[in-house]
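The same chain A turns up in both complexes below, where it pairs with chain B and then with chain C.
So, the complex of A and B:
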């Protein structure tokens, strides 16, 4: 019964994952069979953390990914709780409607979203600068300048994913027994106090799950970079998924890109473990 | 008191409307821009509502990329992958929910862990493996590695665990094989979960870009619509071709969007139950 699923996952996920680790210690061109790989020990890792251009590019991509991920999480999570509270309001019509619209952006191809946003961001004929002009804010450079390009991608990401995290927040809110709010109210708590005293602590598990998913989603950003910015301007949007694919597929440096992929995986594991540890410590208090 | 609450209520409704407009704005812009003429799309300040509903962008985009063929390829990739995921997930979900065997929990944990693995980590060796199987540049190469996934197994196990054992045992007593039990007894009992998984898998594999791009590079006849959209890149430089690009984007967005709007009940419920039970 398990054989088909286990076989497929084994062959197409676990084997390549093992190969990625193995290849990271080898010099290997992606265009040649695996047996042509030549053992080089830790040299790929030394290279990607060195100060030659290979290392500089990788470290930039790592930093860009970290910034993009951290900003996405920091904006998405609080916003998802706020929108969740709004959508969850039973006595107000329109909540369901808003949820549908918010979630819709999560269900469409990111490549189409990237194309549309490249037009929204267009400096002269784009609508965003036009709208900013109405409220007296000068035109922004958006994707065209290194200072703003990465943040513009974060904004795009927040727009696309907020509906999903709002639904997760609603799922968490439905789990909180109404009696607890009632008890807080009887104790004389105002809405703000009951939010911080009841809602937020009981949402902790949901928020933990959301944080992990948001991190993993953010690390995968690829389409807007591949389609619009190509990692630029000046490397400012060169993120890991794009960079690893460029090195490993377009430039066929399979060993080097594998070392990058392993580093990404380790960084993810460490980050997620740190978040769980922080959560456990907070729970104890 | 009532007046205050009515006031704050209308404030909330206003907020909801504002947020809905902000959220829907890129979609509206996309659809409106696809109807514009080249002149309208180049104007500064931008034209919001096109003067006429000009459909020529839809036919010109079909000349640049093979939209019909691409949409068909997308449908094939998404539906075959979905069918595979349903079969493998039902079987494995059933086994994890109803069989007890040594190493069950370990095996389950390993499979679930793959859910959290970013695809880029396995992309390069996987590309080589699929090339050596002679499958690069083909739809089979796109589909084959995705016929089983951890999310499906997880979702099916959660729901099949709730199917009464008596029902399953009764079928066994009647001489049904285990496969028959899965597909004729268990599957009908978890139809909502199957619907949710089917929709989710279909939309995910309609939208996915990184893997088909890597396997199909250059084989444009096999391109799904998302890859063909990527080919519009050179048309995306100036504003002149905006209607054409937006017409392409609209065609790619519509199928998953329509599915979602009509069947969102399943989607959202399954997301919630996956989050709550996980």
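So, the complex of A and C:
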């Protein structure tokens, strides 16, 4: 009796995906009915990988999204494990309180986060630069320069998401039997050896899940860009979701934006499959 | 009898069934601030007193989200009325999102507004909107900073402009001579187009991009010179979705000596500067080496009615707009719309509104803008105009941040413009 589920999946997932792929081969204004779409073959794909402005902007957005995603994952995962280890210590006072504080940032609405962080990052009168000034570090450009704007958004993302991934790490840590640590201790392992010999291998499934979720979350970044930077300065924070919105809705270029969405979807599928393949290979070894 | 008193009857007569006085709900989408929205709501309430069958609700979104909201809500959830930037009109018409104005409204607009402004509300000879505001660019300068730097008055040409920018720059104090905007397409491109107009050039000539002209090349060089010498600091020019942010903060806090900005900023400047607003001077754009007279660019905003609204809603919407923009509905014989616009320092575009507000338009800040309006050129309105603007924005920002040279910027800007307009015409 999988027909109802398969039907729902077909209607709500496969049909929109197939429609997006179909539209990516057409010239179509998003404000007009589907029957007005005009077949253009691979022209939309040629345009988004060309050297004209459409292609340049798309490739910049693709690169920005890749950098944002890679940095977010590389920072979030180790930090979440580290914080997870800290707050998981049952005999540490305030562990529960710390977990609550960490998770709180994940619950704050992005509009509030954006408002606060745009002021924190203000180049001349922002608190962050003032704090840096107290310790002798000169003012940073943060969101105001293309060299630093994307990294500033990564920092904001890490701040907001770290609580969620820490909770995932703690959940993974609770699944590790205490007897294994006891056995490692009897065998003479120090805490560092216990971490690499017991904790990390047994956290693999949790980390795999966290990695996939972190990638999907990062690839879908939209609000901070729309609310704070509008993709600037000089396109340095123009990420794919924001760019596709601009092309597909503001400019109504449905065919082009569909080609971009299909490319993003393929890139995401390939990345996630590669991670699963690497994980399988590691498990076999 | 005043035109606005006749129009409602004419318009209502055009819409079958509208005379039955069925309750009609009209929604109005704008990007105005809460204070201005309150004025619009007050005007709408006055209208509803005379027309109890019509309810008008106002919704505001940030400027950065306005076009998206109009497009994404197209259909049954579309706002009945929307305020739009004139550059957006050709594509909204192409996509069938806005309704043509009834004949009576079109006749009133053609008779009551300057022809250039009425033209910006038309596509292929059909009028789609009622123009309300006109904005023009001029040089704003901080008189106190000028006095400190020993500068007598605003620069008249680029030579003086660069000298003043250098004199006003104090890197140690975090002060820049001239402020360039980034992260806001119109905020980046309009000042560039104003310098270009004052240098005898234009963005698009007869539908063909003209960014490869020597005049345009000189503007790219001017930008490169400002940035490479540190007289303009791009990092101080970031704008956010509400068209405020560090760019505004730096001017109001006296860390920027000069900017090129439109008149509608008056309310933002007043709010940010308080008493120090009296230090803000307005002057024509300095004339470039290839220019003969100071020029600038102008653009308009207009209110359009959704094509997906019912005939009754459309009729009620046009009737309300005709009343809102009609003579005598505001103070001093002007329109209610002109009162709202003047509260923000925005120039009304209806000829009778300009006459009715002559005294107010004579105040220091606005008088500088009114004086440059005569020589201003309208920002080109073409299919693909928004994409063209955003592409030029990217190129200019790359130049400002030293990622490309002036020559590379000019070549890229022209190539982009050609390909965008060609693609839009397919």
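Convention: the second predicted complex is superposed on the first by the 271 of 285 C-alpha atoms of A that agree within 3 Å, B and C clash if a C-alpha of one lies under 4 Å from a C-alpha of the other, contacts with A are read in each partner's own complex, and residues count from 1 in each chain.
Just so we're on the same page, contacts are C-beta pairs under 8 Å (C-beta built on N, C-alpha and C of every residue); 3 or more make two chains touch, one makes a residue touch a chain.
As the structure is a prediction and not an experimental result, all values here were calculated from the model.
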{"item": "Chain B versus chain C as contact partner of A:234, first or second or both or neither", "value": "second"}
{"item": "Contacts of A:19 with chain B and chain C, given as first, second, both or neither", "value": "first"}
{"item": "Touching partner for A:124 - first (chain B), second (chain C), both, neither", "value": "both"}
{"item": "Partner touching more residues of chain A, whether chain B or chain C", "value": "B"}
{"item": "First (chain B), second (chain C), both or neither touched by A:53", "value": "second"}
{"item": "Which superposed partner A:109 touches (first chain B, second chain C, both, neither)", "value": "first"}
{"item": "First, second, both or neither for A:224, with chain B first and chain C second", "value": "neither"}
{"item": "Partner chain in contact with A:84 - chain B first, chain C second, else both or neither", "value": "neither"}
{"item": "Touching partner for A:30 - first (chain B), second (chain C), both, neither", "value": "both"}
{"item": "Chain B versus chain C as contact partner of A:6, first or second or both or neither", "value": "first"}
{"item": "Shared chain A surface residues [contacts with chain B and with chain C]", "value": "30, 118, 122, 124-125, 226-228, 245, 249"}
{"item": "Chain A-touching residues of chain B, taken from the complex the two chains share", "value": "9, 12-13, 15-17, 19-20, 23-24, 26-27, 29-30, 33, 41-46, 48, 87-89, 91-92, 94-96, 99, 107, 110-111, 114, 116-129, 132, 144-150, 153, 178, 182, 203, 206-207, 209-210, 213-214, 217, 225-226, 229-230, 232-233, 236, 239, 242, 245-246, 248-250, 252-253, 256-257, 259-261, 264, 267-268, 271-272, 275-276, 278"}
{"item": "Complex contact set, residues of chain C against chain A", "value": "64-65, 67-68, 71-72, 74, 91, 94-97, 174, 182-184, 234-241, 245-246, 249-250, 253, 255, 386-387, 390-391, 394, 397-398, 400-401, 403, 415-416, 419-420, 423, 426"}
{"item": "Residues on chain A engaged by chain B in the complex (per definition of touch)", "value": "1-2, 4-9, 12-17, 19-20, 23, 30, 33-34, 83, 86, 89, 91-95, 97-105, 107-113, 115-120, 122, 124-127, 130, 133, 159, 162-164, 167-168, 170-172, 174-175, 206, 209, 212, 216, 219-220, 222-223, 226-228, 240-241, 244-245, 248-249, 254, 257-258, 261-262, 264-265, 268, 272"}
{"item": "Residues of chain A defined as touching chain C within the complex", "value": "27, 29-32, 47, 52-54, 56-57, 118, 122-125, 141, 143-146, 226-235, 245-246, 249-252"}
